[in-house]
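Chain IDs A, B and C follow the sequence of writing; residue 1 opens each chain.
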Amino acid sequence: MASIFRTLADLWSLVVGLGITGKEFCKPGVTVHYPRAEVTPEAAASFRGPIELIGLDKDPAKPKCIACMLCVSACPSNCIAVTRAPTPKPTPEELKAMAEAEARGEKPKKPAPPKAPGTWTYDFSLCSLCGSCVEVCPVDSIGFSHDIYMVGTRREDFVFDQLARLARKAAARKAEPKKAAPEAASAPAPAPETAATPASEA
Amino acid sequence: MNATISFDSVLHVVLALVGVAVFVGLNGLLLVYAERKVAGFIQRRPGPYEVGPQGILQAVADALKLIGKQLVRPDRADPLLFWMAPVLAFFPVLLLFLPIPFSPLLTGWDVNLGLLLILAFAGFNVLALLLAGWGSNNKYGLLGAARAVAQSVAYEIPLLLAVLAIAFQEGTLSLSAIVGGQGGMPWQWNIAVQPLAFLIFFVSALGETNRAPFDLPEAESELTAGFHTEYSGMGFGMFFLAEYANMIVACSVCTVLFLGGWKGPFLDGAWWFLAKVYGLLLTMMWFRWTYPRVRFDQLLNLNWRWLLPLGVLNLLATAFVMKL
Amino acid sequence: MHSTETLRSHGTACPATSADGGCTDDQIAGDGYTCRFEQGARPESLILNMGPQHPSTHGVLRVLLELDGEYIVRAEPVLGYLHRMHEKMAEVKTPAQFMPNMGRVDYLHALAWNWAYVGAVEKLAGIEIPERAEYLRVITCELNRISSHLLWWGAYLLDLGAFTPIMYAFDDREMLLDLLQLMTGSRLTYSSFRFGGVYTDAGPAFVQGVRQFIPHLRSRLPMYTALVTENIILRRRIEEVGVIPQDMVTRYGASGPVARGSGIAYDVRRAEPYSVYDRFDYEIPVRHEECSMARYMVRMAEIEQSLRIIEQAIESLPEGEHMHPKAPKPSFKLPAGESYFAVEGARGKIGVWIASDGGKTPYRVKLRAPGFSNLALFAECARGTLLADAVAILGSLDMVIPEIDR
């Protein structure tokens, strides 16, 4: 007799299960329909996307980078390649000064290479987003972007020329307020730059 | 029934077969869509959403994809058996629809042994699954086929016992007559008199049609895809269609036997029949998306230890009451 | 040179064994494993190759089975399909450069591996950790443990044929990932712990989010119990299936929920307390049934206990630095010597042993993956069970193949 009651109680658990799925059936879905709805910029703000250069405060198109190469050596997967900007050709005055110095038997004072990168390429396909470069940068010139919808069809799509990218972003940011100002009255504020930047612009 | 076969009756059957084929095809699409939507809603997802409004054309797109795909036969599979299996799975199912009375006027072939015809032809499904598993030269397929045979043979018995109880009670094997013996109101249906038989029938029908939680022949987490592991394109499509057609047949018979067929509280007609069938189909889907799968020995234990004795007892009780 | 010729003949026909009927054409012929896996004494047994692509081997585990009907006569797990040489990589990279690898050994409980490596390096180099960082490590690691258990729960039920629970689990796990993203910047392969602290400090958004998440998950757990744990089909599927006696646990060195499901109350957090775990009040769930259900119940109870730890830690989160001011630069050199650090991962005892000769990179690093030992007992445990039981046992061991192969 007891076993029959136990069996009935066991079978009741099946009804309880149906009740739960039935209840969930009536609740609204939780899916974010991607192309029609996107993750909010606030939610993406903490996401570590591909790294990007950070511009100088006074000239956002130029990076803070001093080409110290610390990030290149810290990177575990060799995805950063930086070269220094070429040393400028000595001006005639400098050449003259150098020649004079040599004539005097002193060591000629050559112009120092500028503390800025010449090229700054980044291969996102190798990057593991560990943040070592961000941490090690002495002048805070590297940061994570928040491009969470980045796509590409070729490997080369993920090799970024970061200097060009920075310049493009700075130009876009400059153009934005001008363009947005007349529309501001009617249209809502433009979406924050992080979400609005399509991946392909890199 | 008249023994002479007139031209009219043959034409009627042929027309009914064509109608059934269309019905099964369209219902296959509809049920695939419904199944995926039900699954989606239960899991708080949208389900198919992109093809057509609310994804309504998704099933059509999938069907076109299946038709367009290459038919691949594994090297060393038996070509005859391999290709015969999906055909054998699908075409006998069409015959099963013939005696089902959708409404008094909408009956393919009102034969007085309709119930027997359905039970007899339903046996073909086992053969098809066996051939598919055996013919595809795949070990998972073989295991799936072995499971399918043991399961179908076992679950046919309580199914028959439940059907017999109704047949005893109504004194006929004609489906129309069984519906005729029931009233329109839910308490006049056979389910009110024979709730145990209904339960046994429904559980056995789940087992017969290989639906979760009894979907062991194709248990994907154990046997990858069971008997249809090696089938691609329409070979798989036929099995798929046959599975849904079998579900419709099982639910239709259940409606006829227990839920008053085309009869309803008002306005008797095919719509009542379809509404009841779809209600049962949705319940089957609800089960599938709620429960884990049972183990094979448990499946057989459930059958031999519970359904079979209960079915026999139910039958004896019915006979006893009828005798009184 | 015999290489290509023998390989080819070996690969197709298995000449060594086909003569005595061991490995005939009908049997899966192929690599060396298959050829050595000869048919046993039973003439009518079937050799079945489960995996490396199989729905319930979770990744690329391969199990060779000898079946008698559906009963398993022999089972042999075959590893190595996902071997990525993490230990070798540790020898050629500086400790800081190796850190991202630790998020990829066990992607479900990445922070525990983060912690094991960071802990070993800190122990060897004598690096101090601020108290706030310790608390943040505890909180994120426990959140990560919950997300691992939730995913296991869903995937295990998928193995057992229930499709819906994984979606409910992912719904909750999504909130966890949002929280962990705030702290670590990623959603799966975290690389967040640093020598001497953690990568980011916890802001008010994180603290607030964790406070809200704890009651949310607690309100969901009864639903999980009613839908799944009490379901009779599930209980019949996993109760008394896959019995692992204590003696087997100790012989194979299994740990984590596998050991605790067999009545061995071993948890590194309690047995060898590290960090600030000794300050919290929590229980180590232990079951004595030794079956798959026991391991299931241990994990479900662990979710609740982790919530308890997080609750206490977030309330007593001290102010201060998240990185020690004297934390070393990424280019620091490990002093010569050895150190071993063990933490409790979601799957068991995770240990990292580092030997350094004082050079830029460690001389040798050994990673002790709990899944490896846990899987090792599968062969013995699965013998004599049904094929469906083997799937239930395999799932109850909670394997993460990348961790096993490393």
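The rule we apply is simple: a residue touches a chain if its C-beta (ideal position, glycine included) is under 8 Å from a C-beta of that chain, and two chains touch if they have at least 3 such contacts.
The shown structure was predicted, so the numbers you read here are calculated from the model rather than taken from an experiment.
Compared on C-beta pairs in contact, B-C and A-B come out with B-C as the pair having more.
Of all chains, the one whose mean C-alpha position sits at the greatest distance from that of chain C is B. A separation of 31 Å divides the Cα centre of chain A from that of chain C. Here the spacing of chain B and chain C, counted between their Cα centres, is 43 Å. In this assembly, the C-alpha centroid of chain A lies 56 Å from the C-alpha centroid of chain B.
Multi-chain contact residues of chain B, defined as those touching 2 or more other chains: 42-45, 289-291. Of all residues in chain A, those touching 2 or more other chains are 14, 17, 20-21, 24, 30, listed in ascending order.
Contacts with at least two other chains are made by residues 164, 168, 171, 227-228, 231, 233 of chain C.
Touching chain A in their complex are the following residues of chain C: 93, 96-101, 103-104, 164, 168, 171, 174, 178, 181-182, 185-187, 189, 191, 194, 199, 223, 226-228, 230-233, 235, 329-331.
On chain A, the positions that touch chain C within their shared complex are 10-11, 13-14, 16-17, 20-21, 24, 30, 43, 46-48, 73-77, 128-132, 135-136, 144. Considering their complex, residues 46, 48, 54-56, 70, 157-164, 167-168, 171, 227-228, 231, 233-234, 236-237, 386-389, 391 of chain C touch chain B.
Those residues of chain B lying in contact with chain C across their complex are 39, 42-45, 139-140, 142-143, 212-213, 215, 219-224, 288-298. Residues 38, 40-46, 49, 286-287, 289-291 of chain B are the ones touching chain A in the complex.
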